[in-house]
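Structures given as structure tokens follow.
Two complexes, one shared chain (chain A), two partners (chain B, chain C).
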Partner chain A sequence: MSLLEVSGLTVGVEHSPHALLRDVDFTVEAGQIMGLVGESGSGKTMSALAIMDLLPAGIERRAGTVRLDGRDLVAQDRETVDRNANDMTMIFQHPRSALNPTMRVGRQIGRALEINQDMGRAAARSRATEMLNHVGIPGADRVARAYPHQLSGGMCQRVMIAMALACRPRVLIADEPTTALDVTIQAQIFDLINDLVEETGCGVLFITHDLGAIAEMCDRVTVLYGGQVMETGDVRQVFTDSRHPYTQFLFDAVVREADPSVEEKDVNFALQGCRFGHRCPYAFDACAEFPLLREVDTGHLTSCFLHQKENALGSA
Partner chain B sequence: MSTTDPARHGDASGDRGRAARSGRSFEAPEIGGETVRPPLWRRKPLLIVGFMILTIFILLAVFGPLFVTDPRVIDTTNTYRPPSSDFWFGTDKFGRDVFARAVHAARLDISIGIVVAIAAMVVGSTIGVISGYFGGWVDEGLMRITDVVLAFPGFVLALVLVAAIGNSIPNVVVAVTVAYIPYFIRLTRAQVLAERELEYVDGAKLAGNGRWRIAFRHVLPNSMGSSVVQAALVAGWAILTVAGLAFLGVGIRPPTSEWGVMVAEGAPDIMTGQWWTALFAGGMIVLAAMAFQFIGDDLGTEEV
Partner chain C sequence: MGRYLGKRLLISVATIVGIVVIVFFIVRVLPGDAAIARAGPYANEEKVAEIRDKYGFDDPMPVQFVDYFTGVFTGDFGVSIRTDGDVLEELLIRLPASLELAFYSVLMATLVGIPLGILAAARRGTWIDGGARVFAVFGSSMALFWLGLLLIYFFFFRLRWFPGPIDRLPIGTEPPPMITGFYTFDAALRGDFGLVFEAFRYLALPVITLGFVLAAPILKMVRASMIEALDSEHVRTARAIGVPPRSILFRDGFRNALLPVITAIGIVFGYMLGGNIIVEFLFAWPGVGRYAYSAIQVNDLEALQGFVIMVGILYVILNVVIDVSYAWIDPRIRLGKKVSS
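Let's look at the complex of A and B:
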């Protein structure tokens, strides 16, 4: 049984037939880092928000289950997700805007502890300082009394991480945690996340558009395009033996010039079949249907009909 | 890592000090270090002027009454004395000391202005944050009521309310407060609508804070900026409204020492040459309202 198991997650715009996420499946194992990669608008953040019950107004969760250790978190009415900061927390992309500008950072961390760990105010405060120290902030005492605008971006991200980890959650969702930071800070934040996984055995859903970061950080990776899972598997499998045409073109685009036969078009959310169908040079009749994930190798799944025809692309 | 000391954040000399300690020889921070922000009185002169006038009024209101004679004492031997060293602002037709009355009126009018501004801000912001954060039919209902109240000019509404509930001082305060509440509701709601979509609100939800707590402890404090500015302006307007009501004879009544009352009583005297009975009270209304406007205006201007 996986630590976090997301299956059939479908999210759409209210009063519209179009889906932003279609049948998204992935799992996060304890002590592992699962990468979620895709271009802008592919639904990475939307998946995280749907899991965390933070979907913006006008966006609804239509189907799907979110299981933590086998316990279904999605309520019957599909409106809410039963989770608290002891189960799952999230690190946001823009650390500064994710902290309340009018509250001292120590207090913000302390509040999470008071609510979720039944701590008193004084105990929460000293634990908050401890957490700040733990994420490598020098002079944690002073920083705890600072407001977010007095801290640098990297410092704010550490505060965010300290806040997320204060309650020792089982699952941590990191939504592009280093996009707003420079590379030196990025390396420090990566180390911090790695250390924490080793230390606490939590599972991490690591969202990024940076394939390099995936290769460096993750054990497994899920490739998302247009709200559809293209391919999922071990990082090694997906990187060296990609089976979905989209994944292959994605890697091509990184290592050499993009294939001009793949026209640049917007994601077509109205499309019935495969989301990549209208751009895919290998598209055929079957692609008008929605492709389900199929296993092509142990733990390596892809949603492409080419493989159901036993027609591996090989060296496309 | 970057600056960790809040007290020294942005302080150029602190940066230079660190560079020197760490043994770096280059003088790069010098460029930034030379641009010193002009002092506050140069950036916001009106703010300083406003605060100075207001401080004088507050000192006058707090301590003034201890040093002047009883403004209610009628002295028929000293009627209509022009301003002199004995009677700085002269005396009126009952021989009352105009300066003593104006000082006592300062205590009343300044207090009313500040009380109205704070009460309207507290009530208005509370309603505004509920309306903006919770939305739905609560928002619809509150906003329609606000629209109805806003449809009346503030002064007219206050006038109608005072006429309806009677013109004691507390009633005047309540009426004027009610007239200014809708401005705060609208202002706070607009801020809250923008603020509630920001990431830190999601962060607060993740930490497990309840809806009410998020609304009042996280969203509200971040939505108060323009309300505070508005409060300074409203304090000035409230003084004008209270004085206006008194002048029309529907607000605070004579013989209470109140600037509007004094202007109303002194107006006929101007015709007969006794200008001092109305002028000083009128001048104080103008100065007090102006002080609050200056403060509000300059507080509302973004720092460059």
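Let's look at the complex of A and C:
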């Protein structure tokens, strides 16, 4: 049983028949980092917000289950959420705007401690300073008394990580934690997340559009396009033996140049079939149906009829 | 913080000088002739000329300006041609009545507007939100004088729940000794709660009139800025770390929505300082607004000037208070950048 198991997650805009996320499945194992990769608008952040039940107004979760250790976090009525920050918490892309501008950062961490670790106010205050120290902030005493606007972006992200740590989560979702930061800081933030996994054994869902970061950080990876999971598996499997035409196209675009046989078109959420179908050079009539994930190798799944056809041919 | 305040005060002084200069010219382009108005319908040419001479209306414009300008900054606002009284003195006697009315009206508007705005934002899209918006539209499209008349008609003339629109206390009642100038405060300080009650009875209708109309912009601003705050990324973070909803609503939501709300209250208060002429006239409230109204009727330029300058100065003071409260509320204004490690 996986630590976090997302299955059939479907999300859409209210009063619109189209789905922004369709049948999204993936799992996060304890002590491992699962990468979630895709271009802008592919539904990475939307998936995270849907799992956390933090979807913005006007966007609704239509179907799917989120299980933590087999426990369904969303009750059947899809209204009440049986989750607290001890189970799962999240760090965000823009660390400075993700912090409350009118609250001292030490207090913000302290508040997370009070809520999630049953600490008193005084104990939480001194523990918050310790945690700032722990995430590598020198002069933690002074920084604890600062407001977010007085800190650099990198410092704010460390504060966010300290807050997430204070929740002692079993699953941490990191939504492009270094996109807004410069490259030298990026390595330090990655180290912090790696340390966190080693120390606490938590599972991480690591969202990025940077394939290099995936290769560096993750054990497994899930590729999203247009709200559909294209491929999921070990990083090595997906990187060296990609099975979905989209994944192949994506890697090609990074190392060489974009395959000219793939048409440049916007994501079409109205498509009933494969979300890559209208661009895919290999598309055939079956692609008008929605492809579910099928295993192509141990732990390596892809949502493409091409391989199901080949397999069928192979076994025949 | 000290520098911020110093700069702010310097700007204020410049603003007041500007107001004084502009007021002088505006008042002088008003139509009508003060001397004729003062002399009355049966006066002859000589009488009018005599009045012109007495009040200096015939002096060249630059001379008038210098007289006026030096006067204002030495506390001499001139003499009212309507009452022959010292303008500054007459204004200061009437100011507490206006301020008391303004204070309770803004208080009522705030006490109605803020909770309703928070509720509407927290229950966005429900019937509560709908009701609050209907209330806001109703309030902002209601004419003050019409609402005032309706209240007088029903609650005084028909029902007799409240006293008629005359003055601040029943005729013949001795006002409490002047301490703050607010009858409700002064009477309470003296321990005369019967008088406090009477003062409130007389305040009720004009305060409801103004409070109802002024609650609308406050409600709209609270709702809008609450929604913005509640949709912000830091509120999302607070939810992610498990902060309880009530705490999110107030500590993360309302606390961060305060700045525009304070601005809205300030604007409303500023509007009260000059804009309650109608209500003071309607309820025969002995404040500066009614004084200005009477001054306009007879081209009493000095009195009108005095009124406008006083409102201008109060407005500038109000703005300084608002700016200082910004700094107090928002650490981004109060504290500079960078705590380096």
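Everything below uses one rule, namely that the second predicted complex is superposed on the first by the 309 of 316 C-alpha atoms of A that agree within 3 Å, B and C clash if a C-alpha of one lies under 4 Å from a C-alpha of the other, contacts with A are read in each partner's own complex, and residues count from 1 in each chain.
Operating definition for what follows: contacts are C-beta pairs under 8 Å (C-beta built on N, C-alpha and C of every residue); 3 or more make two chains touch, one makes a residue touch a chain.
Note that the coordinates shown come from a computational prediction; the quantities given were computed from them, not determined experimentally.
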Three-chain arrangement built on chain A, chain B and chain C clash or fit: clash
Chain B versus chain C as contact partner of A:Ala283, first or second or both or neither: neither
Contacts of A:Asn116 with chain B and chain C, given as first, second, both or neither: both
Touched partner set for A:Gly154, first chain B, second chain C, both or neither: first
First, second, both or neither for A:Asn100, with chain B first and chain C second: both
Overlapping contact positions on chain A, where the chain C interface meets the chain B interface: 52, 54, 56, 84-85, 89-90, 92, 94, 97-103, 111-112, 115-116, 137-139, 142-143, 145-147, 150-151, 155, 160, 163-164
Chain C contact footprint on chain A (complex, rising order): 52, 54, 56-57, 84-86, 89-90, 92, 94, 97-103, 111-112, 115-116, 137-139, 142-143, 145-147, 149-151, 155, 160, 163-164, 166-167
Interfacial residue positions of chain C with respect to chain A in the complex: 124, 231-234, 236-244, 251-252, 255-256, 329-332, 335-339, 341
Contact set on chain B toward chain A in their complex: 1-6, 9, 197-200, 202-209, 217-218, 221-222
List of chain A residues in touch with chain B within their complex: 52, 54, 56, 84-85, 89-90, 92-94, 97-103, 108, 111-112, 115-116, 137-139, 142-143, 145-147, 150-152, 154-155, 160, 163-164
